[in-house]
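I'd like to ask some things about the structure below.
Note that the chains take the letters A, B, C, D and E in the order they are written out, and that residue 1 is the start of every chain.
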Amino acid sequence: MRWIGDNLDVIGGHLVSHLLLAVPPIVASFLLALPVGWLAGRVRWLRAPLLSAAGLLYAIPSLPLFVVLPLVIGTGVRDATNIIVALTLYGLALMVPATADALRSVDPRVVDAADALGYGGVRRFLTVELPVAGPTLLAGLRVVAVSTISLVTVGAVLGVPSLGMLFTDGFQRNIMPSILAGIVLTIALALVVDALLVALGRLVLPWTRPAAAAVVAPTQAEVAP
Amino acid sequence: MIEFTCVTKQYPDGTVAVDDFSGQFPPHQTTVLLGSSGCGKTTILRMVNRMVEASSGTITIDGENIAQRDVVPLRRSIGYVMQNAGLLPHRRVIDNIATVPLLNGTPKAEAHARAEELMDLVGLDRSMARRYPNQLSGGQQQRVGVARGLAADPNILLMDEPFGAVDPLVRRDLQAELRRIQSELGKTIVFVTHDVEEAFTLGDQIIILANGGQVAQRGTSEEILAHPANDFVAGFIGLAQGERTLHRSPDGGGVLVDGHGRAVGVLAEEPAP
Amino acid sequence: GTSDPMGTSPATTDPGAATGDTTLVVGSQAYYSNEIIAEIYAQALEGAGYTVEREYQIGQREVYLPELEAGDLDVMPEYGGNLLQYYNSDAEVTDTASIVEALGQELPDGLRVLTPAEASDQDSYTVTRAFADEHNLTAIGDLAGINGLTIAANSEFATRPYGPDGVQQAYGVTIALTPVEDSGGPLTLRALLDGTTQVADLYTADPAIADNDLVVLDDPESLILPQNVLPLVSERVDAEAEAVLDDVNAQLSASDLQELNAQSVNEQRRSADIASEWLAAKGLA
Amino acid sequence: MNYLLDAFAWIADPAHQAGPNGIWARLGEHLGYSVVGVLLACLVAVPAGLWVGHTGRGRGLAVGLASAARALPTLGLVTLLGLLLGIGLVGPMIAFVALALPSILAGTYAGVEAADRVAVDGARAAGMTEWQVLTRVELPLGMPLLIGGIRSAFLQVVATATLAAYVGAGGLGRFLFLGLRTQDYPQMLAASLLVVGLALVADIAFGLLQRFATPAGLRTTR
Amino acid sequence: MIEFTCVTKQYPDGTVAVDDFSGQFPPHQTTVLLGSSGCGKTTILRMVNRMVEASSGTITIDGENIAQRDVVPLRRSIGYVMQNAGLLPHRRVIDNIATVPLLNGTPKAEAHARAEELMDLVGLDRSMARRYPNQLSGGQQQRVGVARGLAADPNILLMDEPFGAVDPLVRRDLQAELRRIQSELGKTIVFVTHDVEEAFTLGDQIIILANGGQVAQRGTSEEILAHPANDFVAGFIGLAQGERTLHRSPDGGGVLVDGHGRAVGVLAEEPAP
């Protein structure tokens, strides 16, 4: 444990770079998944292939992806761009199906009502379907955020600074506290970001607040003991 | 005046929901489309604001063929109240009511002021303005739906079983409210229901539909009750089952019972007021 | 011309405008021992008035060599044999001098290696003291005739001249490979210590060898490539900087390197502290 | 693109296919590790998920745990277990199980919860015991989601099972690491392609299974 | 005979759904619990088969305290029909009907044979036996629900707004069917509804509930109509609004109109049969 006290600056630096590496792919996969998920929900015959393709992205082993991706996108292996693009791909693997589900789960009666009120197509998508799908989108985004933060650590193998460096270095030098600190901080960072997303959700999706739902007609069914 | 001429609707899966329907919905009156489930009531109603496109035939509003009009302005010019209120769950009550004026570019303050007046009109407390739909009871949601339908001050109001999902006490309230509002505003209302009582309560004119949007009879409730056009109509409104043939109960007390012996009401000796 | 929003890669300076620039970028592998050497180089260069940027813990050669070639790195501590092998896996050389010479031809334009140090960190056939005593082992050839031998080493060990095929030919030793991919790290060591394998490929500067009283078997046929420490540098390392690095390498002995590594692993000290102490002790500070 | 073609050529080369170090053997090992890892995870996650879904208790805890398990960095876990356990399959297997847990757990309790509440209420009122409610109503109705959870867990484990080779075990990771270490990129890519191929086949198989497991009454409509 | 004595139900969230309810449900008769939404009807009903546990008070069936009985056999011995049928979506119609006999270990062939008889009884074509619930219309599903409730030949049948979700024509059919079945079988039925007409049609005894399961009035439909106990009851059954006070229409033809001028029926001169 002494090691941790002696290396707080190192750990802190890794924590910051970790966060900076994690945020762009989380945002990017959310934004990119919107059109793809929309397409998967809208165009019937595209649905299965798009969702399968998204699922398979997740099956690409990360190490080779990090090494080969630069050949495709023309960056250096250790470039943040490389890591961000790779993590965005993994994020899409999770976010595309989540988005498709979320958009499909919008009550068709709400969409119908919007049509009947005279919403145009784009406006309806942006101001009705998207916000109404918000809670489900948020659930998907939370999964993406947590797993992206966990995946950032893999970059350490290539020399991209992140909490993962506490694993590689701690491993070589047999410093258990280093590895443990890395694991604990990664999980903590993920949970903090997750909590922030939940808070953000309450802010931008005020109608889903539990206090709001409390006045709804109560359910009839009580689960008997 | 809304006028259907030989309108047919066939859905892509081949279902002919409405077959050669013709009919007029006179201005400033409530026309009720009455019929059992699946007979095509909703389809007819939704053809008026082109939520459903007619397969053939013409529909005119004040003589103008609606097929020539842009759908978005057409829809904004017609009020539409749906069974489950169809409110936007992510908008506050006040914004839900003001939806169409806001879409039309009315300044927010003005739209909201108008929405508050409408809340008064439909009997909603203004304190509910900032709630979300899921914070309201079913009956309150329905009132919001009616207010929204009236927000752009449309000449035409389409109502598709608007009170179908609320409990009977509340339903009776809402019907009374609608009658009051209609007596004030005099809109052209097309009202869909499968509830005979409701149709008789609200309709200036009633169109009883059989399957495929076939008109079985049209007229006022009294015309229909006194002279049902055929067995189908008599059965539908309950005459055939003896439910509308009332007898004095042998127990006395002026209680009237129907053909099943079920108590229905009390006979007042003086004629109708 | 690479985009770099996070600022994790070195400030790229246009190679064309490099003349007179005294900022040098020193890198290291993702290997603590390499980082210590890099830090020694870095502090020595700073002592000579250079501005130094540090890019440590850069994965493997496939990651940092392209960056060197691209001019993003200027100084990188390397190991002669493996560096040559990266560019030419068929190279048939066995001593440091010829390795350096061969590198002169194999290295891409703009890169060169400087004078190697005595210190080296090379592959080995290492056994436990008990196993060595039991079978009376001092050299690799003594393993011949022992049945069921396995060695824990990285997977590429199989393709090396000193791998199972090589020792079969040179020494008549039959040995199977258990691939463990941590490059002689804790897993390899553990496999040896808990008897999963009888032999392990540890790097000779690994302090674990002394700590666990392990026996490094001799290689009289010189199958194992020497891995003397040598700086791989870019064109921006001028004569003056070269002299600084030569001075350091002249003092870096094999036992020094083991001692430096031991400080890092056993005392968990930072490379910066270890490096500055060593430089001071050698009068290079 | 060239690398990709070379990778396909590498796979097609008969010399790389047969034998204990060949593609088929490694594929078999890889599949074996994945199946075992996912099965072990099922052993824990399915009962736990059924309990959470059925009783509604511990849901917050389950969500939190699943989230934490998702955040658990595999690299950290593998290095930690390496230091603790040395080489061998045990360490990676623990990592695979940890990786598979969240999806299976979430799929299971979501599946049980998704069973039509009215139907469940009706079953209970008809006099089913809690066990019967769970096994005859909630489980069959939740099966598609449960299998969906196993499906995504399996995909993740297949991708990660390459790590087994890091600590001396087999699987397609062998090709991957050898290719990486010797700059034999076609071999490394070939390994990745094989992993993705395996995932594709598994995905299709699970898709069929999911369709098959969807109760007939939920599939057919009038 | 089912008897409630001073039964109170407070839900975990503090809602007191039923407050000190006492009452009897006589054997071989239909007792209707009538009241508006949220007044505690379902809660009372579900306490009979212990789907809801009473917080205090005792409930006995034929003198035996149900709290002493094992819930599983208790529930299997009582038929239960729910609003939306509550069928198992993954079981065929025939298996849905036979659920309880199968649970009780009746051999499959026998249980199926019995289920087919029940299909006849509730007016379902046997050809539907192998369908899944989602292949049936709402009214058909409801019939399956009734058949399932009767499958184990229970003495008691609990029905919670069983016809609430179907359209009025079908609903009238189902009510008639239930009356026929009851006249054949003579079960002890507790029937929950918020529809006054339905209550009057089906109930031998009607219990009108106010909030919290407070008994506002109990009696036959005629007793209640002739002598409503208080304003609440009068309002609830529509007497106060004039809906049950019928006048002869000035248009003649024997049409009777209510206080709103809505046509309700035709007066027959001869007294009830």
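Convention: contacts are C-beta pairs under 8 Å (C-beta built on N, C-alpha and C of every residue); 3 or more make two chains touch, one makes a residue touch a chain.
Composition by chain, UniProt nomenclature: A, D = ABC transporter permease.
Here the structure is a predicted model, which is why all the values come from computation and not from measurement.
Enquirer: I need the common contact partners of subunit C and subunit D (ABC transporter permease), sorted by label.
Expert: Touches both subunit C and subunit D (ABC transporter permease): A.
Enquirer: Need the most distant chain from subunit D (ABC transporter permease), centre defined as the mean of C-alpha atoms.
Expert: When every chain centre is compared against subunit D (ABC transporter permease), the largest gap points to B.
Enquirer: Compare the CA centroid of subunit A (ABC transporter permease) with every other chain's and tell me the farthest one.
Expert: Checked the centroid distances; the maximum from subunit A (ABC transporter permease) is E.
Enquirer: Going by C-alpha centres, which chain is most central here?
Expert: Given all protein C-alpha atoms shown, the central chain works out to be A.
Enquirer: Taking the mean of the CA coordinates per chain, how far is subunit B from subunit C in Å?
Expert: 85
Enquirer: Roughly how far is subunit A (ABC transporter permease) from subunit C, centre to centre by C-alpha average, rounded to an integer in Å?
Expert: 39
Enquirer: Calculate how many whole Å lie between the centre of subunit D (ABC transporter permease) and the centre of subunit E, each centre taken as the average of the chain's C-alpha atoms.
Expert: 49
Enquirer: Hey, how far is the Cα centre of subunit A (ABC transporter permease) from the one of subunit D (ABC transporter permease), in Å?
Expert: Going by mean C-alpha positions, subunit A (ABC transporter permease) sits 19 Å from subunit D (ABC transporter permease).
Enquirer: Taking each residue of subunit E in turn, which ones touch at least two of the other chains?
Expert: 37, 46, 51
Enquirer: Residue numbers in subunit C touching 2 or more other chains?
Expert: Each of 62, 182, 186 in subunit C touches at least two other chains.
Enquirer: What parts of subunit D (ABC transporter permease), by residue number, touch at least two of the other chains?
Expert: 82-83, 118, 121, 124, 180
Enquirer: Which residues of subunit D (ABC transporter permease) touch subunit A (ABC transporter permease) in the complex?
Expert: 3, 56, 67-68, 70-77, 79-80, 82-83, 117-118, 121, 124, 152, 155-156, 158-160, 162, 173, 176, 180, 185, 188-189, 191-192, 195-196, 198-200, 203-204, 207
Enquirer: Can you tell me which positions in subunit A (ABC transporter permease) touch subunit D (ABC transporter permease) when the two form their complex?
Expert: 52, 55-56, 58-65, 67-68, 71, 142-143, 146-147, 149-151, 153-154, 156-157, 163-164, 166-168, 170-171, 174, 176, 179-180, 182-183, 186-187, 189-191, 194, 219, 221, 223-224
Enquirer: Using the touch definition from the top, list the residues of subunit A (ABC transporter permease) that touch subunit B in their complex.
Expert: Subunit A (ABC transporter permease) residues touching subunit B: 107, 109-110, 112-120, 128, 131-132, 134, 205-207, 212-213, 215-217.
Enquirer: Going by the contact rule at the top, pick out the subunit D (ABC transporter permease) residues touching subunit E in the complex.
Expert: Against subunit E, subunit D (ABC transporter permease) makes touches at 116, 118-119, 121-129, 132, 137, 140-141, 215-218, 220-222.
Enquirer: Write out the stretch or stretches of subunit B touching subunit E in their complex.
Expert: Listed in rising order, the residues are 36-37, 167-170, 172, 194-197, 200-201, 221-222, 225-226, 236, 238-239, 241, 243-251, 253, 255-258, 260-268, 270-273.
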